[in-house]
């Protein structure tokens, strides 16, 4: 007896339990129609990506708000709402031509005015990461409704890599101009120009998106609806996948321990592609201000003592790739020829002995606190793993639990000894890597800044030069050099290039076709 | 005046008195819990404004300053407390910055699910407890009594969240009879009737898990209560008069034996509502318990405190309910009140 | 002596005592039975029970579930006992004050007690641990705060009963100070029902601790049964043993304590014991 039969036995109609009709109609080429059911968790506070950049907001908002460009898996720019673009030889002027006929969900046309407003007015005020990049724009010009020209203050090579939908979502000027952005009543409506518009958001249950009929790309979007279900419980999410109630999962919807088991499901394809643009880099953050972590040898000892291979297997079930240095191998300008720290308790102990950190009677050389990042069980397990392995060389770790606010508060105000950290690289070291190591970014109270407090004038100089250099060969040279220095100094212990399992219903096409993956607009996604 | 009218007048008076008493208790509890809340927020490490903001990277000075002004955090404590109580009395439970909504609206949205779960579990535990306890009491010493006693002993010692997990393991994972989580099947068009049935199916496991412990308590209580009553004179008289056993059980034993259970049920209401928090977490039941769990992970204090307050009010309401039941079934109350 | 004898003749009480003793022995001998740290990853992850060297299987990191249960017994018992002592101190103080002085004092004390009984205790415990931080001392404190009201009520009732007795009145007339009367005269005579209720409170303290740990509010450096079940919840489909065994451990311990408590009740206070 299964659930349907049992329901009948209980006198409950089984209609509710039968499969969800997809309503697909076959057309030439890609199939039109259908409802994509997927998951969002935790529930985003708001859907306006210009105002909130938490991962769930970005995943969902990517369907509602579009940006100038999209990116291929190897991070080459592709047309977004801009069909073409040009960069002047001096690297100071960027000219974008928009597709004709783009409309917002309220029917009003999207013009160059909206682009200029979003990127020079609204985003610099509401989006910290965008501010860092777009504040380099000296002025924006709009000679006609389909052309926007950005004049930069100084050359900034990564600009063309920073126009994706998570960094530069275009919002309607006619709604936001002159208003208090955060308190604008239209925020609840989330009006963008993306292929899907908000139909209904039942808090605690689901967000229902339907196709934007006025979408500018021919035939797109193929899907009729996308429903994001809010399922806070990990076991429930896995079950929903197994029972075929959803056709797509992303990020950490499916916990690592379930990946191996669920990968065997016949109807789904499991991939770790589609996160290239973000290339989340994961490390053990050491507060370089706290003794003995101010000593390079101590940090090197930890690098030797952490059995990353075993950790990748046990905690992350073989999903992630072991990181070799500050730059992810998926990001541009990665240097693989750097010093390697092999797993060796002997080398670790030798370094600690050399420092004069002798074990006490209880075998402990030093006791340090590890603040567990409050982002779920895997972080908890990672903390437990780190404690056990470092314990073997006499580094005693006390775990501390906290909440999201408390973690951010302690971490960003340097009131921590060790913690876990995971930082996106955004395709270019100037966008996502240098911020962790340059001394000008030692900013108290700011998360994902140089929280470790590492400072090396040479590193500062190299990163600075590389960001403004316009020639890629020269940039590679500078970045290779800085990577070698950083790996020798190990300001933080790089652990993994985080991998996230994306389960995709085999009927679905084009889900992870770009480097922005599941954050993408899904305009070209279809059932078959 | 006839004795009957005195009696009914007394009844009305007694009910009015009970309601007044209940109201005083209600106000007192609300005020004390609000004070409690106030102290808790201030006892939490860190700046109360930071704590209230409770969101990641809350280093936004603008928000903090705004909060300080809004909550009057620059004023002396007694004045702050008075202001807070004033807001609570006017049903202003504050604003969740994490969820960008008022706490009252968040709570109202989740309240129905929790009420459904707790009321179902409460009724289930009370009714089955009374029935099973009576059964055990009447058949004292027989194997069915022994079995019921053992089962209730076991249930009484079972952690409620673990029981929930085990039921999921059995009925959802192994047998696939009942949904393992959630409130209703989403995204399927359903008639009202189908929807009710669907919610009912989702309700079974959480309600049973939550009711189990109390079921055990009530069964044991009812059993000993029935035994007590059975040995009293009026039952012996009834038996001597040759009344049928079923009639004796229903008319005489049940009515009298139920009184202590109802009293205990009222006292246990708080624990039952607390248990709902764990059960809602296990079953992803979208009620106040889940809200509290999510708020807990985020240390969303306005929500935590608001839910705490509302749940206490639910407990008081359940107390009132049991008081009323007590009055209805206890023949002595009205007599005493009238005399 | 006769009490002991009659307890020894109490069948369910004795069963409970045996089980409880077994748990205590397990807790005490854990460092010898499982000399390794229970957090150590000793085997492959997700090994089912009866795998080599892992009687009860391993968890997702390859930690020994059996070692966790043995070491967890220490934590659970310690937390159960200490938090019960905390609630005893609060409950007996309040109950004794109310019962001894009576009148207005009693009125106030009982209102407070009633209030605490109305507040959903578990939610209060959650709030306390969340605000104060998930450390073992705070967990104990929170459990103590939410579980004293029954003890206070009981103590009050006992004190009211004894307050009017001749030997107490005599002591009062001799001019002994109230504290002396309470500690020397009344408390010794009221102690047995308090012990019984206290022993039952240990069981409920263990349950509350496990529920707190399950909700993620346990001390992250202590392996407790609730923590094990909490960690096992998400992997219930891969590894039933991770949640079943710690759950059984809690069930057995709580059951044993309840049985012993009831046995004590029947032998110490035949006056108020359940009629058979």
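Lettered A, B and C in written order, each chain numbered from 1.
Just so it is clear, contacts are C-beta pairs under 8 Å (C-beta built on N, C-alpha and C of every residue); 3 or more make two chains touch, one makes a residue touch a chain.
Keep in mind it's a predicted model, so treat the numbers as computed, not measured.
*Asks:* Select, from A-B and A-C, the pair of chains that is joined by more C-beta pairs in contact.
*Replies:* Result: the pair with more contacts is A-B.
*Asks:* Among the chains here, which has the CA centroid at the largest distance from chain A's centroid?
*Replies:* C
*Asks:* Please compute the C-alpha centroid of chain B, do the same for chain C, then give the distance between them in whole Å.
*Replies:* 23
*Asks:* Express in whole angstrom the distance between the two chain centres, defined as the mean CA positions of chain A and chain C.
*Replies:* Whole-Å distance between the two chain centres: 46.
*Asks:* Counting only residues that touch at least two other chains, what does the list for chain B look like?
*Replies:* 296-297, 299 - these are the residues of chain B that touch more than one other chain.
*Asks:* Going through chain A residue by residue, note those that touch at least 2 other chains and give them in order.
*Replies:* 235, 403 - these are the residues of chain A that touch more than one other chain.
*Asks:* Please list all residues of chain C that touch 2 or more other chains.
*Replies:* Residue numbers touching two or more other chains: 130, 133, 216, 233, 236-237.
*Asks:* Could you list, by residue number, the parts of chain A that touch chain C in their complex?
*Replies:* Those residues of chain A that touch chain C are 234-235, 238, 255, 257-258, 261, 310, 314-315, 372, 377, 380-381, 383-385, 387-388, 391, 398-403.
*Asks:* Across the complex, what residues on chain A touch chain B?
*Replies:* Against chain B, the touching part of chain A is residues 1-3, 6-7, 10-13, 15-17, 20, 35, 37, 42, 45-46, 203-206, 227, 229, 231-233, 235-236, 239, 374, 403-409, 412-413, 445-447.
*Asks:* Within the complex, which stretch of chain B touches chain C?
*Replies:* It is residues 25, 28-29, 32-33, 40-41, 43-45, 153-154, 156-162, 165-166, 168-169, 173, 224, 227-228, 267, 270-271, 273-275, 277-278, 281-282, 292-293, 296-297, 299, 301, 304-305, 307-308, 311-312, 315-316, 319 of chain B that touch chain C.
*Asks:* Hey, which residues of chain B end up touching chain A in the complex?
*Replies:* Within the complex, chain B touches chain A at residues 46, 50-51, 53-59, 98-101, 106, 109-110, 172, 175-182, 185-188, 190, 193-195, 197-198, 200-201, 284, 286, 290, 294, 296-299.
*Asks:* Quick check: in the complex, which residue numbers of chain C touch chain A?
*Replies:* Residue list for chain C touching chain A: 37, 39-41, 45-46, 60-62, 130, 133-134, 216, 219-221, 231, 233-238.
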